[in-house]
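The letters A, B and C name the chains in turn, as written, and every chain counts its residues from 1.
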Amino acid sequence: MTQEELLIEGGRGTDLTGKDDDWIGIASDLPEDTSKLYIEVEGWEGPLDLLLDLARRQKVDLRQISILALVDQYLTYIDEAEALKLELAADYLVMAAWLAYLKSAMLLPKDEQEDPSAEELALRLQLRLARLGALREAAARLMGRDRIGRDIFTRGAPEGLRTDRKVQWTCDSYALIQGYGQVKARTAPKIYHVSDRPVMTLDSALERVSAMLGVTLEWMEIRDFLPPHAKPALRKSALASSFVAMLELAKNGQAELAQDDCYGDLRIRRLRQ
Amino acid sequence: MSGQPDDVMRAVEATLFASEEPLSIDALARHLGDMEKPAVRDALEALAEHYAPRGVQLVERGKRWHFETAPDLAHILRREREQVRRLSRAATEVLAIVAYHEPVSRAEIEAIRGVQTAKGTLDVLLEAGWIKLAGRREVPGRPIIYATTPDFLDHFGLSSRKDLPGMDELRAAGLLDPVDDVFQALMGDDEDPDVDASEEAEVGDSLPNDQENATDTNV
Amino acid sequence: MSGQPDDVMRAVEATLFASEEPLSIDALARHLGDMEKPAVRDALEALAEHYAPRGVQLVERGKRWHFETAPDLAHILRREREQVRRLSRAATEVLAIVAYHEPVSRAEIEAIRGVQTAKGTLDVLLEAGWIKLAGRREVPGRPIIYATTPDFLDHFGLSSRKDLPGMDELRAAGLLDPVDDVFQALMGDDEDPDVDASEEAEVGDSLPNDQENATDTNV
């Protein structure tokens, strides 16, 4: 398509009535009482829709339309809307600005045009309109098909199908008896035994450590105080009690403690009084 | 009559098919644009004959006509699917309690189980046909009491409830061993002094089946 | 096929007559007690043939079968109070775009229409059961994509999307090029100052075809 072709047709009158003529689907309801132009604006499904409708008014194949005429029609339309101080949605104005740019580009000599060329932009617009137009036709044909509930009917009073799920429960006697056993076992009174564990009390540890410290002025290691043949449980208890006893003696000023490093040997020595 | 249907037959057929209720000849004639009634009647009879051997039939009931599924195929409309399901553990316990203690009320079942019993659990047992309502206990509140059914004995192969093993036999079988012992034995832990008894019972409660079965083979 | 119906045919016929919704071969086979699917298919085909000249017909819509009144009887049956959902013009267009281009994202729908789509428009179509969410497109932003449902095909009497009016012509004219191209174009195309760049680039993509088949688009 050449630029000359784009320019063939002059602007036709902008007919703003009967915009829904081509629409054979189900049209949206329009308010009737406001100004006519306003109704028109409300009725469009966006600027592309308006452009498509304007293009259709040229009564030629969408491929043959004059883009320049179309641009003029659109801009005239927007001007009129503005003259009536109607608020136009921003996207209509964006489209107007873009079309104005397109128009000025188209009027430039070809070699002064930027890339992409006006011709290319116009062609794209045309294709875009063709695409929307074709889809709209298809939509109308779709809506015009024989539709269930309007032209075609399914059975008015179907009996309906039902699948009743019947559960067949099963359980074996072992599970039954075991279940009972578990209930009984779970709820049977329980008897708790508290076992008497060997411990070294703090008092006896204090006594023991004091007594053993009394015989020497040398450093002694904590383990020296533990009963030599004790079982592990008693040994643990003795270690804890002896440690507390040592702290007690140190606090009372009867002994001093030393530990060279962390977790190192813990030593104790009687203080001379 | 197996030839091609004529226009009236097709119209009557479609109208009756789409109608939400049976239609009289009058109503059909009116609906079809004041058609002659005899023509409608003829069409109905031809259609009824045509449908006679089919899965759907055209029938007249109280002077009104409609399509319905052939009587011999009525079972198709409502199909039963059997589904075998194992009784849940809770339901098994409740069933066992009813069997050993019947008749019992729900409150008594809960007291024996030591846990609340969902309404659905008893429903399942009622649905299975293993327990039944056995009247009310004449105490304040008159609670419903439950007992087992002959189907219960049947399903479990018992000739009477006396066949259920007694407490001594349960004990001998190790089925009365406290669950916490079982648990400890399972865990190989006989030393831990700190675990609180109630916790152990709970843990025992939620033991998966395979572990329980494992202990059973030990006894 | 005008002979007597066999048992499978009768059962399939009765089941479909009684069903409140279209049934797939799978569902039919299952309902009829796990019947062999080829047997069900054979029965369906024989029934469809039998019913073809009648006032009621057996049709397949999106792999589901149901009986419906013959289209040529619409003038007799058409009901005064319209039972068909009225769609706004916007909803009609969006439905058509989803049907012809599926799956599509909302942005793609908007690119074709050149206008934003009100939230309620898609909701109406979703609620009607004619479109459904069909996952997300694996591109940045992971937009939700929409597709039509079997109910859509059913309502508009389409066996499959291939039956959409003008589908072949639109495709031949390059007017249904994959919308994925839009995205690639969108990523690469930053030249356009005003109008949605993706849209133009996409239209540009379909240039050669369009011109060859220019007349086809004006169906």
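Heads up, the rule we're going with is that a contact is a pair of C-beta atoms (placed from the backbone, for glycine too) under 8 Å apart; a residue touches a chain by one contact, two chains touch by 3 or more.
What you are looking at is a predicted structure, and each value in this text was computed from that prediction instead of being measured.
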item	value
Chain of greatest Cα-centre distance to subunit C	B
Contact-richer chain pair [A-B vs A-C]	A-C
Intercentroid distance (Cα basis), subunit B paired with subunit A, Å	41
Centre-of-Cα separation between subunit C and subunit A, whole angstrom	29
Sites on subunit A at which at least two other chains make contact	153-155, 159-161, 163
Junction residues of subunit B, two or more chains touched	14, 17-18, 67, 69, 76-77, 79
In the complex, subunit A residues that touch subunit C	23, 25-28, 45-49, 61-63, 91, 94-95, 97-98, 101, 116, 120-121, 123-125, 127-128, 130-139, 141-143, 145-155, 158-161, 163
Subunit C residues touching subunit B - in the complex, by the definition given at the top	2-5, 9-15, 17-18, 31-33, 53-56, 67, 69-70, 73, 76-77
Subunit C - residues contacting subunit A, complex	15, 17-20, 31, 66-69, 71, 74, 77-79, 82-84, 86-90, 92-93, 95-97, 99-100, 112-116, 154-158, 164-167, 169-170, 173, 175, 191, 193-195, 199-200, 203-204, 206-207, 210-211, 214-215, 217-219
Residues of subunit A defined as touching subunit B within the complex	153-157, 159-173, 175-188, 190, 192
